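You will see two complexes here that share chain A, one where it goes with chain B and one where it goes with chain C.
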Partner chain A sequence: MNAIIVSALSGVLMMFSGIIVKNRSYHTVIAACALLLLLLANLLNSYGIWVIRIDTHNMFNFEQFGMYFNTIAIATTLIYVLLSGKAVEKISSYSADYYALIFFVLCGVSILSAFNSLLILFLGIEILTIPLYILTGADKRNLKSNEASLKYFLMGCFSTGIMLMGVTLIYGGTGSFILGESRVPESALVPKTSFLEIAGMILLFVSMCFKVSAAPFHFWTPDVYDGAPGVFTSFMATIVKAAGFIAFVRLFDQHTELLGPSWKILLSFVIIATLLVGNITAVFQQSVKRMLAYSSIAQAGFMLFSLYGANDFAREGILLYSVAYSLATIGIFAVLIKMKDYTFEGFNGLAKTQPELALSTAICLFSLAGIPLTAGFFAKYYMLASAVKAGGSLWLVVIAVLFAAVSAYYYFRVIQAMYFKEGEPETEEITGPFKLGMLVVAALVILIGIFPSLVLNGFYF
Partner chain B sequence: MIPVSLILIPLITGLAAFFLKGENAAKNWALLSSAITLAVAIAGIFFLAPQNLSYDAAWLPALGSRFSLVTDGMGKMLVLLTAISFPVIIIATAKNKYQNPGSFYGLLLLSQTGLLGVFLAADALVFYFFWELALIPVYFLCSIWGGEKRIAVTFKFFVYTFVGSLLMLAGILYLYFQSADHSFALQSFYHIKLSTGQESLIFWLFFIAFAIKMPVFPFHTWQPDTYEQSPTAVTMILSGIMVKMGIFALLRWLLPVFPHASEQYANLIIILSVIGMLYASLIAIRQDDFKRLIAYSSIAHIGLMSAAVFAHNQTGLEGVMIQMFNHGINVIGLWIVADVIEQQLGTRKFSDLGGLAQKAPVMAILLVVLALANIALPLTNAFVGEFLMFNGLFRYNIWIAAVACICIILVAVYTLNMVQKILYGSTTAVTENAREIGGNVQWMLAILVIIIIVLGVYPQPMIDLTKDTVHAILANR
Partner chain C sequence: MPIQYYIYLCLTLFSIGIIGVLTRRNAIIVFMCVELMLNAVNLLLVAFSKMHHATAVVGDAATNAGIEGQLFVFFIMVVAAAEVSVGLAIIVMMYRNTHSVDINFLNRLKN
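Then we have the complex of A and B:
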């Protein structure tokens, strides 16, 4: 509960500080302090030291899994703000408002990590996405940004509609908003699982696939990620997407028996489609930003394995994946928005002019490609392990690793541009602290890649 | 403690080398590091008590993976090969100029870390880590310092091996859940009982990874281009040591873990290997480029080793063990000559060369010995290995062995042809001003030639060194 309340209050605080404080760089400082406070509040909650207790009538379930994800989400947001704060300030003078929106998103994240009732799920999704519609359109003089925002809004509303319909059907079938609970009295005439409940589950599945940009519901992703200002794309593609997956896992991993064996068939179809679309399309991109948009679809394909496996490996794995994927993507985006030219050629020769940036970007890219000794390796490892453990799905794992090899192709194009090609890349001014920040991110990626237990132990203690 | 220090010395010195600026500083640093590694390896293998040769520490308790290293006979032999090769390579190519020498030598030492780790690992996850760690530095070395077409060629090499190792990872994961105690330890993998269908499936996942690395026909297409485009120091590592990773992995991870599948598919793989031998030898005859010729000749030799591995009898395996070491020594020698000629005369084409024996008689003698070793003439080291391998193959199937023996003739054809075109005939415009190689390079070649002759006359120490591994593999059948 702490995280929900403190993040909402921090959002309000940021809105007021926008009126009182005019210097934009103070906004970043205030936001960073508020994030630290939020992190502390959430940790106090996780260890049970200081908890705000409100009777939620079983609509929330504050379990360790969700609270630990909050810690991850808040910590990565903090890193994100420290690395890319300057870029947020540059977009316009409303930087305090952007931070306020980011806090509201975090509020949505903490609701999604703790929902128990489908109504709360709906509420969380809405609180999460409405600020994002605004952030996508933040660059309001840019037509692409406007287009992206409108597209995202319309498609988002549509999928929310589908979700509501699913919730309604489930309520109709069971008389309860809580999944797996039935208030219909058992009798010989009423079948144990009604058709309404199954139809509702499928609609929920579709709308969640939309939110995490799984194929064939991914069509909004490239345009929105490409059109939105780079800083906010970075936020959307990492923390928000990971939160979507946490909600997805919490929603489905206990209740899939309702759907029977067809569930695995449905899910493997979605996984393969997502991997295929994401990886193959990313290969043909000319812009690094758009490539990252498609790669985020491809990564979603791997994260879907956590639903497929639905065991302890899957739960640990999705947490590790959130950390690994968010850290690496935030790092790459932080460098990308410093570049003047977003194409692959724009990175030519970066290793000569900015060796520190090139090194840390390369490590982040290694992590996304899943090379051993980086966090991304163990993230993918856990996902695949969960599927192997679930049994009978080695073929799916083999398909996934082949696509992982495809992904190396486009990630390594950036490395080739930076290290092996000649060029004079134009960048904005790179400050010492920024370089240091990037090196810290790279060091974290490697540290987690050697000792993933650093992240996972936090889950158990 | 010996295995850990063998891994840590190149790792730490390699990372430190990135910060060195001057050409000489970096080179001497790398030489010092590889000399220490060699000293530690020799001390550990020949002088210290055997309990120093293994190491075990907790790494990822939640996953059941331990950082455990062992050194059996085959491991000792390959560690020795790696440890000897690196100083030789660094000295022999010392005259080559590199941009950013610090990074070059740093990456070189990191690849040594990976190689030694692969040869020592006794845990599948540790093995996988080092397997990849050996690849990444080589990727950068070839792509930054290689020839004209380096980026595309190296990337092909990278993607090939990356696909292979990812398939192996899927296989490792599967075996992990099948193992009785849910661990990655080599010994638990050896005790896994799989059904026939499962065993064949996982066998192929592993085999493709190793076949790409060796490379076995038809997975060899990355190899000639990569050898040609890489800087020669890296080519020496690739063909001298790194391809042995594939053979090593067959013997350590494939045959004992999948005994039935290895037997079931042995025929197919041996036939593929023999096709590869003939095919590579025939192409080698038509080559005009020194580096490409050695590359194809290397495919032919590796093909024989892989066939002998799957023949799965004592003589064949003993031959493979000896030949892994010998092939490393011989091929590095040939690369050194190729590098010297290219550095001095600016060409590797046989059509431009000729008459070098008049200009550089010492080099001519050394090259002839290396060439004879490549043909596997008696009294050279390769004879013993190849004889044992053909012997093993004969015991497996006489007809396959008969076909494979055609290669002995073909090897002689292209190797002697090469010697003739480089050393004899009249001098050309290019070789008019050729000089003797002299200096340290000559000494390095001389050392290799001495090893060739000593092991050719008295191979018993090498057979004794690797005896325990051969017995273990045969006992596991």
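Then we have the complex of A and C:
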């Protein structure tokens, strides 16, 4: 509850600070302070101190899992703002408004991590995505940004329509919007689960696949991630996507038995399609930004394993995966934004001119590929282990491991360009604090890779 | 009237909306089709709300079961209005740059 209230208020505060404070670099400082406050408020919430207590009539369920995810999301946003704040300021003079929109997105994230009613799920998804349409089109004069924002908007509305139809059909079947509750009394005439409820769940599944860009509903992702300004792609591909998965897991945690064995078949089809499309297409990309867009589809395939497993291992795994994936991707994007040329050739010889940046980027790429001693290894391990524990799906795990090997190819292409090719990469001015920040991110990736319990223990204490 | 009629009507409207989104190329018309989808949902929600009320009122005359369906409709309307304001701004921004509201126009520019 604290996170929802404080993030909404911080968003309003940022809008006003845009009017009062004209110096753009102060906007970043204000945003970082507000994020620290938000982090503190959320931590207090998880130790049982509430700003206000409202009876939500069972529409919210503030459990430890959701609040811990909020902590992760807010902390990664803080790292993101500190690393890429300069780039946000460069887009236009409205940087305070961009931060305000980022706070509204965080409000949506904290709603999604606590919803217990389909109404709140709908509101959370909308509060999450509407600011993103604006952020995607932030670069107003750029045609690619325009196209991305229009595409994202139309696809987002379309999937919202499908989600609402699903919610309505579930309501028709059960008479309630609360998850797992049914008001319709059982009788000889009314069967236990109606056809409407099952149809509704399938529509909800489809629309959530749209939101987290799982194949075959992924087609908007590459264009949107490629067209949006790099700073905001980095935010969309990490924190927002992880929040989408938290909502997905919370939604489909309990009553998948309604769908019977077809649920596992449906899900394994989606997982394989997502891994296939993401990994194979990423191999053929020339632009690093577009490659990262496809790689985010591929990573979504791994995150879907948390739905497949649906046990405690999966819940721990999705938290670890959000940390590992968000940290690494934010790090890589922060470097990418500094480059003048987004193709693989643009990275040629970066290790000679900027050794610190090349090293930290390489560590982040190792983490995305899932090399041991980096955070990505344990994240992938937990995901696959949850599927093994659920039983009867070893073949799926083998396929996922094979695709992880494919993914190493395109991540290593960047490392190869940085270390083993000659060239003069053109970068924007790189300051000392930025280098330090990148090294801190790389150190965190390795630290979590060696001691994953650092993240997981936080879940229980 | 049996609830089935409402379900068929709403599913028809919803499908018209989906087909429109997938086949039309004018951004404004695509947008209208999305609104059609949302309004089909609104109609169905109200119909289900009445249905749940009618079944509950048999056992308990003072019940307010089914009221949340109609509440949901208001939320959908408000959110749809917010979406319209953002969406039209995006379409206007694109029109200023390209003098067209064709969704495939930008794809052609890239090639």
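By our rule, the second predicted complex is superposed on the first by the 459 of 461 C-alpha atoms of A that agree within 3 Å, B and C clash if a C-alpha of one lies under 4 Å from a C-alpha of the other, contacts with A are read in each partner's own complex, and residues count from 1 in each chain.
What we mean here is this: contacts are C-beta pairs under 8 Å (C-beta built on N, C-alpha and C of every residue); 3 or more make two chains touch, one makes a residue touch a chain.
The shown structure was predicted, so the numbers you read here are calculated from the model rather than taken from an experiment.
So, A:404: does it touch chain B (first), chain C (second), both, or neither?
It touches chain B, and chain C stays clear.
Tell me which partner A:453 touches in the superposition: chain B (first), chain C (second), both or neither.
In the superposed model, A:453 contacts chain B only, not chain C.
With the two complexes superposed on chain A, say which partner A:150 touches: chain B (first), chain C (second), both, or neither.
second
Looking at the overlay, what does A:385 touch: chain B (first), chain C (second), both, or neither?
The first partner, chain B, only.
Going by the contact rule set out at the top, does A:265 touch chain B (first), chain C (second), both, or neither?
In the superposition, A:265 touches no partner, neither chain B nor chain C.
For A:171, is the partner it touches chain B (first), chain C (second), both, or none of the two (neither)?
Second partner only, chain C.
Pick one for A:133: touches chain B only (first), chain C only (second), both, or neither.
So A:133 only meets chain C here.
Would you mind checking which one, chain B or chain C, touches more residues on chain A?
Between chain B and chain C, the winner on chain A residue contacts is C.
Quick check on my understanding: which residues of chain A belong to both its chain B contact set and its chain C contact set?
Common to the two interfaces on chain A: nothing.
Flag every residue of chain A that touches chain B in the complex, lowest number first.
Residues 366, 371-373, 381, 384-385, 388-389, 394, 397-398, 401-402, 404-405, 408-409, 412, 416, 419-421, 451-453, 456.
Touching residues of chain A toward chain C in the complex: what are they?
119, 122-123, 126, 130, 133-134, 137, 140-141, 143-144, 146-147, 149-151, 153-154, 157-158, 160-162, 164-165, 167-169, 171-172, 175-177, 183-184
Quick one: which bits of chain C touch chain A in the complex? Just the residue numbers, please.
Residues 3, 7, 14, 17-18, 21, 27, 30-31, 34, 37-38, 40-41, 44-45, 48, 51-52, 55-56, 65-66, 68-69, 71-72, 75-76, 79, 82-83, 86-87, 90-91, 93-94, 97-98, 103, 106-107, 109-110 of chain C touch chain A in their complex.
Can you check the complex and tell me which residues of chain B touch chain A?
60-62, 128-129, 132-133, 136, 140, 143-144, 150-151, 155, 158-159, 162-163, 166-167, 169-170, 173-174, 176-177, 201, 205
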